[in-house]
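Note that chain A is present in both complexes that follow, paired respectively with chain B and with chain C.
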Partner chain A sequence: MTARWRLGLFAGAVLILTAAAGVIAAHMPAFGVPASHYGPAVNAIIPAARHATNMVAAVNFDVRGLDTLGEECILVCAATGAVVLLRGARGESISADAGRVPGRAVLRRTDATVILCRIAVSLTLVYGIYMALHGTITPGGGFQGGVVIASGLMLVYLGDGYALWRRMVPSVAMALLEGGGAFLFVAAAAIPLALGGDALANMLPLGQPKDLFSGGLIMLANDCVALSVTGSFGLLLLEFMEETRSPAEDPVPDEEDP
Partner chain B sequence: MSVAPWLVSAWLFAVGLYGIATSRNYVHGIGCLTVCQSSTYVLLLSIGYSWGAGPPIFYDHPSTVPAVDPVVQALVLTDIVVGAAVTALLLVIAIQVHKRRGSLDPDALRPMRSQP
Partner chain C sequence: MSWLIGSVFAIVAVTGLLVVLSRDPKRQVFALGANGLALTTLFFVLQAPDVGLSEIVVNTVLTPALFLMTLAAVAMNSVSR
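So, the complex of A and B:
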């Protein structure tokens, strides 16, 4: 298919899409008026029933907890698939040396970069952990906190270089976090099931509203997800960085096309 | 006025689709796919919005205060997480394609054509 044909096909698709979007937009529920009873019901019932104040986290980890379990599995599968694809072509061996472009000068980092990154790493990690732990009561949660922690780890690379980053963030630890977090989440769903209740039934003490230890299972599930997301994203960043090394340093078994 | 959010969402989707249709590089195409996906964020958040309502977090105001729909916000969170994971997977596949074929141009990569 040539570019001209493809553009023609796209123009046809846009015509249909425009007509359909116009009709659908005219028939959508009025903007700014609650369209379903589900959300308002959650807002009315859950704060008293679960002692949680962050309704988004309560929906994710309590009301629709099973859906989040599926989402967590999608995340773990996608991260594992990405790692397998990268390692399959590169081999298992990993090295603590960064890739070098031949002929490009290696500049020393300035002291300001190092000190700023070290300060920023500690602040980012603390903020990420705070965000994950307080997911039940204030905006945030396991997914957001995990991503903040994983990106904080990249600052170690920026400030202290590849070798120290690889020593501080071993891929085995990231893999254990990823799998362990997901396993704990599955266990949190399965244990109430084994005790004769429903999956992810909130059987833990609910605590006081607005307290760190409130919401029962919501906080626990949040923290499992935070561990798993930290591991997944840490592992992904690490494997992508391994790609920057030139293939000559690490000969690939010959399975290329002839 | 009240159809504006739906039209913005459709516009974002169309812009992303145009980028995918005319893309000459798979990394660019993956970026366009995330633009398509962000149209779903706009759509979902618009469905959940209500005039005069606050965030669905009852930390400093009681739960009797009107708040927007938390269910669609949780859906957007799911959307973003799965989107990030799928984008990473697609980028990995793009890396593998580039390693094997030395190109990321869809026109240069005809899988069913015999190699010269």
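So, the complex of A and C:
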């Protein structure tokens, strides 16, 4: 295909797609106008039915809680798959030496960086835990809290280096968090089912609206997801970081020869 | 549509364009982070703080961090071979 043909094809596609996009744009609802009745319905029903004030969390963890359970399992499977792939190519061993790209200067951290990172780590971790715990009442929730905690763990590496980071974030702990959170979430769905109700049925006391312990199962499910997300992302970061280390002495055992 | 939403849309468009136009992968990662920050602002302005909180961590910290580690690993591997 010559360049002229390609340009002609491009021009034709642009003409047709622009016309089509124009037609679609003309028929779209105006900007900011609610197009569905779902939002107002949720706003009208949930505060009384579930004593929750964060509608997003109430929808995610109660109204369509089973979908969230599925998403949670997808995340766990994806993180586990990535870990298996990376470890399969590298082995289980942890290397102590940083890999080096030749020609790149390695600068020492200044004291200010270390101090700032240590302060930021504690604040970020507290904020992540706060966000996960208060998912029922304020914006945020399990996933957001979990990723905030996981990104806070990265600050340990930024401030204090790889060795301390590996000691503070052991991969077994991350794996336990990941699997344990997901297991608790599945248990929260299965126990009402075993008692003869619906999966993820909200049978816990609902509490006072705007209180930390409100919304019943919503808070519990949020915290399960927070644990699992922290573990998943922590494990992912750990495995990716290990890829940037120089290879350890003992190589991966070769696959058995036939 | 208020001027605030309009200007944030413009910033999102500009930063998105910068991601596409930067050719060096390392610069592209940082452009991606800036685009994530702009998108976060847009979500907050459009009153979707839940999405904004996910966006700011995933798109300005985790994704760039994973990309940078991958780039470092690739650079190290291509040198050692």
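Following the convention adopted for this analysis, the second predicted complex is superposed on the first by the 214 of 258 C-alpha atoms of A that agree within 3 Å, B and C clash if a C-alpha of one lies under 4 Å from a C-alpha of the other, contacts with A are read in each partner's own complex, and residues count from 1 in each chain.
Basically, a residue touches a chain if its C-beta (ideal position, glycine included) is under 8 Å from a C-beta of that chain, and two chains touch if they have at least 3 such contacts.
Given the structure is predicted, the values throughout are model-derived calculations rather than measurements.
Trainee: For A:16, select first, second, both or neither according to whether it touches chain B, chain C, the two together, or no partner.
Mentor: neither
Trainee: Could you say whether A:236 touches chain B, chain C, both of them, or neither, answering first, second, both or neither?
Mentor: Both chain B and chain C are touched by A:236.
Trainee: Regarding the shared-chain residue A:210, is it in contact with chain B (first), chain C (second), both, or neither?
Mentor: first
Trainee: Which chain makes contact with more of the residues of chain A, chain B or else chain C?
Mentor: Partner with more touched residues of chain A: B.
Trainee: Going by the contact rule set out at the top, does A:143 touch chain B (first), chain C (second), both, or neither?
Mentor: Both: A:143 reaches chain B and chain C.
Trainee: Look at A:79 in the shared chain and tell me whether it touches chain B only, chain C only, both, or neither; answer first, second, both or neither.
Mentor: Touch partner of A:79: chain B, not chain C.
Trainee: Touching A:194, do we find chain B (first), chain C (second), both, or neither?
Mentor: neither
Trainee: Touching A:31 in the superposition: chain B (first), chain C (second), both, neither?
Mentor: both
Trainee: Once chain A of both complexes is superposed, is A:47 in touch with chain B (first), chain C (second), both, or neither?
Mentor: The answer is first: A:47 touches chain B but not chain C.
Trainee: For A:7, is the partner it touches chain B (first), chain C (second), both, or none of the two (neither)?
Mentor: A:7 sits against chain B, while chain C stays out of touch.
Trainee: Where on chain A do the contacts with chain B and the contacts with chain C coincide?
Mentor: 31-32, 54, 56, 139, 141, 143, 147, 236, 240, 243
Trainee: Taking the touch rule as given, give the residues of chain A at its contact with chain B in the complex, in rising order.
Mentor: Spelled out, the residues of chain A in touch with chain B are 3, 6-7, 9-10, 13-14, 17-18, 21, 24-26, 28-36, 38-40, 42-44, 47-48, 53-56, 58-60, 63-64, 67-68, 71, 74-75, 78-79, 81-82, 85-86, 89, 137-139, 141, 143, 147, 210, 229, 232, 236, 240, 243, 256-257.
Trainee: Quick check on the complex: what are the chain C residues that touch chain A?
Mentor: Interface residues on chain C, with respect to chain A: 1, 49-50, 53-54, 57-58, 61-62, 65-66, 69-70, 72-73, 75-76, 79.
Trainee: Any idea which chain A residues touch chain C in the complex?
Mentor: Listed in rising order, the residues of chain A that touch chain C are 31-32, 54, 56-57, 99-102, 131, 139-141, 143-144, 147-148, 150-151, 154, 233, 236-237, 240-241, 243-244, 246.
Trainee: Can you name the residues of chain B that touch chain A in the complex?
Mentor: 1-7, 10, 13-14, 17-18, 21-22, 46-51, 55-59, 63, 67-74, 77-78, 80-82, 84-86, 88-89, 91-93, 95-96, 99-100, 107, 115
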